[in-house]
């Protein structure tokens, strides 16, 4: 078997972004993006949860304080939550958290909540690209491992 | 005690210059106003404030930092872990402005870190530090250092003592280390004018009425209170926070933990507090000090009995920090009074 | 908890993963991760060979955790969990890492970064696996009824099959008549019979079946729940109706493209095959002498790259029929490739040629041209074989256009939370392993809503979906994935936040009966009602409530692993 | 009429005598004339120790949690802000309304000890007493009595207090105070910080948070921090390193602010307790402001009102970028 080439490791800033995806919509949307071979930046790492409402703010805060450059929560569109209302609660929490993060100087783009349905492979890829672009433009997260 | 031959004065307007130069030759730690007054590393004399009764944090941070890397490790290759020392290159440091009570606390800390077991992290810093004390003529109402035989205007536990006597500071070296340092900075100093002792005495008037309790038998008196109800009322009030222990110049408990990263990490030690429930929490889930009463009692028993049993000293210098900063005003001086007077036993 | 012994299996998936991600490098990397005692690459971990390797290694290395890095848990998790269970390992000690859909397929141009990403994803999976715990599944009852959406031939076949097995079926058809596309057809290939007989018999069977409740014209308005327990509400002729079902079959069919090519809709003698069949059926076609048929109209083009599969046979069927009606007529079929893939299809094609139908191959770069202003007079086409342009006289031009997805697929997809794939058709869980099931348990798919299919295939898929759907209906019980919430009554403070956020009223505050905590008010989860969303676990301030399989320590370990912390 | 220490003593004594209460939680004088300390009574005899004055900053409501199993009702003295945390405790079933006897005292502001000393330019020992006098405090020092305008020396939370009178009580001592004349824009300081750039905010908070010594006083004193085992004290998973650095302190303070989101009543106890003078109220006020703007919710008013983060409306703001 032919081994993949080993391109030179790039030195420019490559943000590391964590995306929590709900099992029913966003994760399925991400799968669909894969099945559709939509090419996208490599920055995003997905953690599967059953519902976007499972993601506690503590985890987002911890991830940012660990130095990850961005955190996304991706869930079903409002009104389409597999569990009826999980994403509505996520939305409330996210509004408060995003404003709080911004208040201490974490740029709003570093924490995003987006809706991606199981049918929206293209949207998943667009959301990933947009986040990667925006967070790259912000530069490294300065709150990671701050002494 | 004070060697008169080494006594000098420095005009108040020359102090900043002296500190500037000290900061260049040494790692200078001095009181800085940042919301409140605390000891911090300074790089120039103008950062330093002398307008304080005492700092919020005691100077123990300079010898026993809240978080201190003991060593770093890397995973490296098949050889396993490689380690390297964690502390920055040890440097000569000067602490300027330490109060006599805090200076005494270091003597108590030495008993812990330089006793049967030598704690090299602490001792290295201790050896490389010159203490410049600042005599205390305006104590707070919560101060009660005379209780522990401390004269707040004395240079007993420092290398050099500065005493504010109005238009100038009286500068006295009480150790060889202090004398050497003064010699290096002699250009800022001048000869005594002769009225210094008189001025100092006048200023001591501010000490009149300072609380001085008779603690000679406290260790014996507190012992029978172990089972008593007295601690219930204190424990009920206590919030279980770490203010008293973290601000205390003599509290020295610590925990050790690792930062464990893919490529390696470090082992650090950090302050811990007997006021926290996890302090004595065992892996089994059992906790021998399961409530606030037990923890409060431990704190006072340690200060007033256990430390004394081991070192023939009480683990308190009467600096008053825990009284000033306790959000519910638990007052160690009052507790000592209650123990001495027998009131504690009657509750 | 025993010391974790983690085995990592990394799938090449042929070249799907291995062609992009340097799998051997990932395997070496995995070997160095905490608690990993075995790591290996598989050509296909889901193959017989891969599965037996998992089983053998569980025994050989005494593995108590298994991590597979391959495709998506939405399709393959049950397979690998079963493999673990077969080897005596609790299936919940398995963790899935997706390095295909989420890595190799979306980073084909960047092998180095894809490999680095795959390593990190494996690291995160291993970090979670270290904290996995064995779980027991909770069983929940299946409501013994089905809903079939769509009264075409696929839907009716499915409904009849289930009804004949004795299950109650709600058949929801949006038109006022059963039959779907079949109603428009003139004849069926390759039997050349009119569909009336088939339609009549099947519709009659459906309408007269005591177990089938027909809702028509009706559309689904809302659906919620999970396998065994769906609550559905429909709008039936303006009336809102609700009912409960255990399973759902989607068989909503497709529509035929009306092209904007070859001046369709503008010139009177340009028809689609569906138009032609309708006219033949109605006896309204009239005289014709020169018939030209063009295949692949609006199909296999960049914006609609798929082959609709039915059109070639439809064209052959109708071309032969035109010859039959008027043996003197000249009938040409202009095609790109001829797909005669089914049983008897090639024979059918040969017979058409024998009957005098002429087949001319054209290339998409030189498509046929229509000549004529009010009517088509002739069609010019470049004949590849003769290497020249020919002009064919034409008084009837028939276009073979593809089946395209229904407009309401998207709405239904959102309602049922099932995916739509390329081009807007529904997407099954796995094209080979689970061809008529959605990834969401209890929902199935059949007929042309999935992909263009002929009658025979639609009927077969209808039966297949019904058979799959009958499994949970027959068993009467489904095992609920063990991802429900649990409370640690020792640290629960009984604040009731979880009670407020639970969408299913699955949590109550009750007096604890646990020894040492008697009388303490704590939250209690009713596992039968808990659907495993984890909302409570995220809302609980002191984390006394946890979602199994998605615990704090598991998620936090993944976050820390991604951050380079161990 | 304003409540006085005498009235408090008499009333509490009476409550013990008529059997209304078996315990009482109030204030008594502390180490010096500028300090009070919580006081727990089991009988009316000791009621003479009780005081009520403009130094009674402590929010005593959290102590109610320790009285869950005692015989009889527990009386407690609450100011406006304290009563709102009692509402929160009731809302979260942490206390039983039937077991609590709430003695409300309308409050016209609490003295910030350090501000007062700075304004007077005296050392703590020199102050003999502080009394409420409308828009000012009467401060008795050795040299005599001085009148100090409240706006100069009030605690931060009192400067923006909208609930000077308890919102829930069984007995009110003194006359209700409907509003405080100096209260204007509740969120002016929050808005100032909001207006800074990300870099400026980061510099500000890095500096503030770098001082944190993680003594947990802010958490332990908070009347709505009622968890049996705080997530920061858990061994597994470990949310927080014991190392005290800015990143860890950030996690601690942000999570703390989020945990009290929609529950914080701005009693200001966290900030008062902080020995390092970290502006903790600023974080809480920010969250309070957003929750008010986004969801129209104010904590600690109505026991029946559902907490804002446990509910939703389909029409909530849906804009994230």
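Here the chain labels run A, B, C and D in written order, and each chain numbers its own residues starting at 1.
The definition used in the following text is that a residue touches a chain if its C-beta (ideal position, glycine included) is under 8 Å from a C-beta of that chain, and two chains touch if they have at least 3 such contacts.
Predicted model, so just to flag it, every value in this text is computed and none were measured.
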Furthest chain, CA centroid comparison against chain A: B
Chain nearest the global centroid, as defined over all protein CA atoms shown: A
Pair of chains whose C-beta contact count is the highest in the structure: A-C
Separation of chain C from chain D, taking each centre as the mean of its C-alpha atoms, in whole Å: 57
Approximate Å spacing (C-alpha centroids) for the pair chain A, chain B: 48
Inter-centroid spacing, chain C versus chain A (mean Cα positions, whole Å): 26
Approximate Å spacing (C-alpha centroids) for the pair chain B, chain C: 71
Interface hub residues of chain C, defined as touching at least two other chains: 501, 539, 552, 556, 565
Set of chain D residues in contact with two or more other chains: 231, 239, 245, 309-311
Contacts with two or more other chains, residues of chain B listed in rising order: 259
Chains that touch, pairwise: A-C, A-D, B-C, B-D, C-D
Complex contacts: residues of chain D adjacent to chain C: 92-94, 226-231, 234, 236-237, 239, 259, 306-307, 309-311
Residue ranges of chain B in contact with chain D within the complex: 34-36, 38, 53, 56-57, 66-67, 138, 140-142, 233, 236-237, 239-243, 246-247, 255, 257, 259, 268, 270-273, 276-278, 323, 325, 327-331, 333-334
Touching residues on chain A, where the partner in the complex is chain D: 57-58, 61-62, 65-67, 78-79, 85, 88-89, 91-107, 109, 112-114, 142-147
Complex contact set, residues of chain C against chain B: 564-566
Residues of chain D defined as touching chain A within the complex: 190, 193-194, 198-206, 231, 239, 245-248, 250-251, 254-255, 257-258, 261, 283, 286-287, 290-291, 294-295, 308-314, 316-318, 320-321
